[in-house]
Amino acid sequence: MLVFALKRLGLVVLVTLTVSLLSFSLLFMSGDPASAIAGENASASDIEAIRTLYGFDRPFLVQYGDWLSGALRGDFGQSYYFKLPVSTLIADRLSVTMLLGVCGISFALLTAVPLGVVAAMRPNSFIDRAALFLSVMGQAMPSFWFGLVLIVIFSIQLNWLPPSGSSGWQNFIMPTVVLGYYAMPAIMRLTRAGMLEVLGADYIRTARAKGASEMRVMFKHALRNAIVPVVSLAAVQMGFMLGGSIVVESIFALHGAGYLAWESIARNDLPTVQALILIFSCFYIIFTFLSDLANAWLDPRIRVG
Amino acid sequence: MAVMMTGGEAMADKASDTLKAAFTKELESVDSYFNSAREGVILQRTIWDGLIYLNQATGKYEGNLATSWKWVDDTTLEFKLREGVTFHNGEEFDADDVVFTVNFVADPANGVVTQRNVNWMKEATKVDKYTVRIVTKGPFPAALEYLAGPVSIYPNEYYAEVGPKGMGLKPVGTGPYQVESVEPGKHFVLKKFDGYHDGPKGKATIGTVDIRTIPDVNTQLAELFSGGLDFIWGVPSDQAEKLAATGRFNVVNESTMRVGYLELDAAGRSGTDNPVTKLAVRQAINHAIDRQAIVDNLLKGKSKIVNAACFSSQFGCEQDVAAYDYDPEKAKALLAEAGYPDGFAIDLYAYRDRAYAEAMLAYLAEVGITANLKYLQYSALRDLRRNGETSMSFQSWGSYSVNDVSAITSEFFKHGAEDFARDDEVKAWLDTADTSIDPAVREENYSKALRKIADQAYWVPLFSYNSNYVFSKELEYTPTSDEVVRFFHARWN
Amino acid sequence: MGTVSPAAEEIRAPSPAALLRRRIFGHYGLVFGITVLFIIILIALFAPLLAGHDPYSQDLLARMKPPFWMNGSDPDHILGTDHLGRDYLARLLYGARISLAIGFIAALISGLIGTAMGVAAGYFGGRVDLVVTFLINVRLAMPVVLVALAVVAILGGSLHVVVTVLGLLLWDRFAVVMRSSVLQVRDLEYVNAAKAIGCSTRRIILSEIMPNIVNNLIVVATLEMAHAILLEAALSFLGLGVQPPTPSWGLMISEGKQMMLFEPWLIAIPGIALFILVLAINLLGDGLRDVTAPENRG
Amino acid sequence: MSDPILSVRNLTIDIPMSQNTMHAVRGISFDLKRGETLCIVGESGSGKSLTSLAIMGLLSKKLQRAATRLDFAGIDLMSQKLRQMRDLRGNRMAMIFQEPMTSLNPAYTIGDQLAEAYLLHRKATRVQARMRAIELLGKVGITAAENRLSQYPHQLSGGLRQRVMIAMALMCEPELIIADEPTTALDVTIQAQILRLLADLQREMNMAMILVTHDLGVVARVADKVAVMYAGEVVEQGTAKEIFGHPRHPYTRGLLRCIPVPGRSKPGEHLGSIPGMVPSLVGRVKGCAFRARCDVAEEACTAAIPERRMESGHAWRCIHQAAERLSP
């Protein structure tokens, strides 16, 4: 287990470094960062001064090393726009995004896993088809459109839920549903497929032969084995969700990291964009790493011996 | 967490004496010298005071933190200050505050974002506790306009201690509202300042102003419908019409100083073979676009088509200039005359109002000009323009609400990085007008410049913008043409 | 060995072709997907004939005319007009071209990259596999929407940029699936036989391996096509995708969004079109997977 | 004690297919008394496993089970509700499966899985269940039972796992145990041990046992009764002595010819085998299913086949009265 964890950790570090290099190089794709910082009324000499001040005249790798060592200490430089440390800005916004991500993935799991189980229990039944229909819909529904439709229905027509903001739990209902619905189909399908596979396994028959109830067979014996890949998928989806919360946050005016990312892109605030890309990537990397560990833990064949 | 549903009971807001408004843009800093957004101007006028106040109703300057002023010479203004004014933190207002603020912002090293707002000032000197002098770098006729506008006075002791960053997080001023809390970019809560002085702005009547940043107009509207907001502005005309039709809100339209125009690269900075270097082509483009139709159908409200390269109310904005009416046949003839009987292809850059830009694309297409829309962020487009890479771009300019032609025409025709005409004659006239304190001389020279700009069709002046203010029926508010929302003038009815 | 349900196929074995045909036509999702996609392709091909209007021609006096089921509709504009008075039906029909083109080209680019990487990794194994797996990990770690937005913002939005960026970002699933598919067939007898008689690597890959994994490739390609179409719509919606006046469905939603509270049909029409297209492609992909690998579904 | 604990009459199992029905098991009848061992033999696909699953009520829902009688200890299993069947399963009737490698849940420890049935059917605490598990692990010959409880299936060898499976089946002292080819997946050396163990335990606990196998060597050692199945039918049944001593049905004879008998068959000698294929059971099955492979088949074999029965209970289905003359 330890060796396994260390090996994965090595890969994690390597991937993180590569991602950091890629996100840093964005800065240099974008033309002259000095001119972007200088703002609206800067003269050529101002821009030159900024170039030296920020060290944009140094070689690429030197700047990257500098940025990376800062990033390791949690220092991502200053936002061009807010003139505040990027880390403060992001720390401030991240909680909303994390909350949204956790709510979204919980919603997805809480709906998709039971649906997948029930669908697998009665393949081709009405409920299976309904679940499949839901998941096919979810895959095809553009999430921004779904969000708008929810606002029209629940905020405007019915006036049940606030359309924007993050002041109360009601604010998170629609974003959670939109974000979660996006992750639901994959989780449901995987649960269903895993359950179907597991339900054909001999040990399920063994459990039935012991006189275990259907529920016990499903949830204790089958799901426990079928859930292993679902955990990995949920981790992956969680990573995607945080990165994909841009759309949802912008629709529901949630001031999270995704919205900050979008605005920062629009404002050409590259230090913030770089940091966010790196942080979202790190989340993905951490989640998948944790899910690998969780998998190992869930599967005694990896955990023991 | 708030558990109360934001139901439709707008009554709650009047009852709780809280006006809920929305910003569209995330404000980078509340410190008015370190942001360049309209939202910043609104907060600036709410939290701080300038030495002078421009009465929007009469168009006259009134004393605000100063009670009287006079030009001592061409470059020196002397102010008598109002006594008994205190800042929100209790600090007393006197000449030291003015001197500190002016000297701080006028020093380019301190990096005030919009340098043109402050770089005309050389320094301020204290005469006595309530008398102060501001020295300009040269004759600057628009000085009062700026002192009534973007230059507001900060508390010297506090500002010296916390700097722009601290001021951005915990702003302190003398204005009608003091800041209760700031979540940078997201949320601002203002409280009525009970110790406000008897200046011309008048005391605020609404107890609390709660401003959230909601970037999407639709979300703002949805909040308005569900009672989460009381007051929004900048609502596009289509939505405003529909809102008015519901009868649930006050919808008021007011013109703004913002002018839209097409900037044509007459100087050939983007390439001398560029079609718009030819006068006939520029005139053809002027004739090709049905500005009246765009105003009538898209902008609506109090918008008007403009012919001169400025807003009509601005000092020096000559109205008697060449006007190009919508005449696609003439446009085609002009194009043929210029050697483009089959038209040509060109990039049209834009950064806002995509629908207007799209409408213009279609008009240009009708006379044979294939324009490709390149829609960029403002800063990105500005970089391109400064590098002279754009041959045609759709721009707009709000003159920082400064009611003087120097804030627009002089900005773009004095061979700066954003000057695509590079006309020496125009520059000379503008230079003369900008530095004279004789109104007659200024008017004459601005007029000459504006006429030549129109004759040469350096720009395609399009239209003036308008803004729709939509607010709860419980609120009373009269918008002004300077696009500054003055919460201290809003009241419950 | 007593199985619970003896496999039916063993007992009566119709020809494989007949079996495939029966599976295809017995799969309603697949039939629906193929039919709808085919119709949409026809619409895209014959848009100029069907539209009746130029999707770019504006009429500022006839803005936002409602569609046929609403009061005040104009029989000349069945689906109404947009905010510049352009015929909505024409824009919708031409929009099918944009969406299909984006989906197809992006899937093509990402398919080429991903297949090359996946096949190389699966076939050669060893270091090549390590490098490819590493690259897949890096790619998966990058937040797609964010990176796509950032790059499009920097390079400026246009059809070419969007398609290229999507193509360069969406190869991961191709690589993953192709790699594991190749691993499955790599050591089969006929491949070894081909190696034994001295076939070139290129020949083995192209004529022995590819034909056996091409069904997986097609399945991934359809799903990625749907993915690309949705992403383009999302980018356009956020204002960083295809540029106007191109009639992209995402852009139509973005433009219609302005009035969605008052004229919901402005977003409903392109939204539903987008939904149906993506649904059809997904059903096609799912169906193909079911049909070519029936053990994947119960 | 003379009442049969299990009484089966005319058990049929149909598998519905897209257009037709597969008659997988047809008209099986037998009785089994306490302490008796019935061996069901036959080749793969002859319906042995289906029959045992049908008794346990573990057939997949798609399969249709019918019988004129299916009584267990006086309880009519055909009319039992799902819940009532659950109370019987693992409690009064238990089953041992053929794949010890996959029949244990990989996610839980041996201890958990052993205790499960006991906890389900007895009002027992976890500690009691644990004690019982240790006791039974000892009984099936697993040393250091206590340590084994916390192990996972993948840590055990195949033989050990099958012992665990047996212990698991015996947790509640069932009256009937059905062992479906319990040794097929094991090493030859271990097969004998496991079978001996099963037989010993069966005797010790006085259970009725159905042992499904295609290994006639095993049958000879443990069976009281033998039922020979072919293509879904019991073609011959009787006491072990009768079947091995006087096989009547041509198929039984064929099967017996296939066993290498130590001492009698020489190494390298050609073992008997039955040529031909098992017929399709889809649609109506008429006549003797074995006729295509039978060397004494006649025209009459396509018609209905009478069941012939001796006083002793030895019964077979063949048109030939006594097939003695056919013996090699």
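The chains carry the letters A, B, C and D, assigned in the order they are written, with residues numbered from 1 in each.
Throughout what follows, a contact is a pair of C-beta atoms (placed from the backbone, for glycine too) under 8 Å apart; a residue touches a chain by one contact, two chains touch by 3 or more.
For clarity, every value in this text was computed on a predicted model and none was experimentally measured.
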{"item": "Shortest walk length in steps over touching chains, chain B through to chain C", "value": "1"}
{"item": "Joint neighbours of chain D and chain C, given as chain labels", "value": "A"}
{"item": "Chain whose Cα centroid lies nearest the overall Cα centroid", "value": "A"}
{"item": "Chain at maximum distance from chain B, centres defined as averaged CA atoms", "value": "D"}
{"item": "By count of C-beta pairs in contact, the leading pair of chains", "value": "A-C"}
{"item": "Whole-Å gap between the CA centroids of chain B and chain D", "value": "91"}
{"item": "For chain A paired with chain C, centre-to-centre distance based on mean C-alpha positions, whole Å", "value": "22"}
{"item": "Computed distance of Cα centres, chain D from chain A, in Å", "value": "53"}
{"item": "Distance between the centres, which are taken as Cα means, of chain B and chain A, whole angstrom", "value": "39"}
{"item": "In chain D, residues with contacts to at least two other chains", "value": "none"}
{"item": "Residue list for chain C, restricted to those that touch at least two other chains", "value": "153, 239, 257, 260-261"}
{"item": "For chain A, residues contacting two or more additional chains", "value": "31, 148, 156, 250, 266, 268"}
{"item": "In the complex, chain C residues that touch chain B", "value": "56-58, 60-61, 63-64, 83-84, 153, 156-158, 239, 243-245, 255, 257-262"}
{"item": "In the complex with chain A, residue positions of chain D that touch it", "value": "56, 58, 82-83, 85-91, 94-95, 97, 99, 102-109, 113, 116-117, 120-121, 151-152, 154-155, 165, 168-169"}
{"item": "Chain B-facing residues of chain A, complex", "value": "31-32, 35-36, 39-41, 81-84, 89, 92, 148, 151, 155-156, 159-165, 167-170, 250-253, 255, 259, 263, 266-268"}
{"item": "Complex contact set, residues of chain B against chain C", "value": "217-218, 221-222, 225, 236, 238-239, 242, 290, 293-294, 296-298, 354-355, 357-359, 361-362, 365, 372-377, 380"}
{"item": "Contact footprint of chain A on chain B as seen in their complex", "value": "1-8, 26, 28-29, 34, 36, 113-116, 164-165, 183-187, 212-216, 218-219, 222-223, 225-226, 228, 377, 379-380, 382-383, 386"}
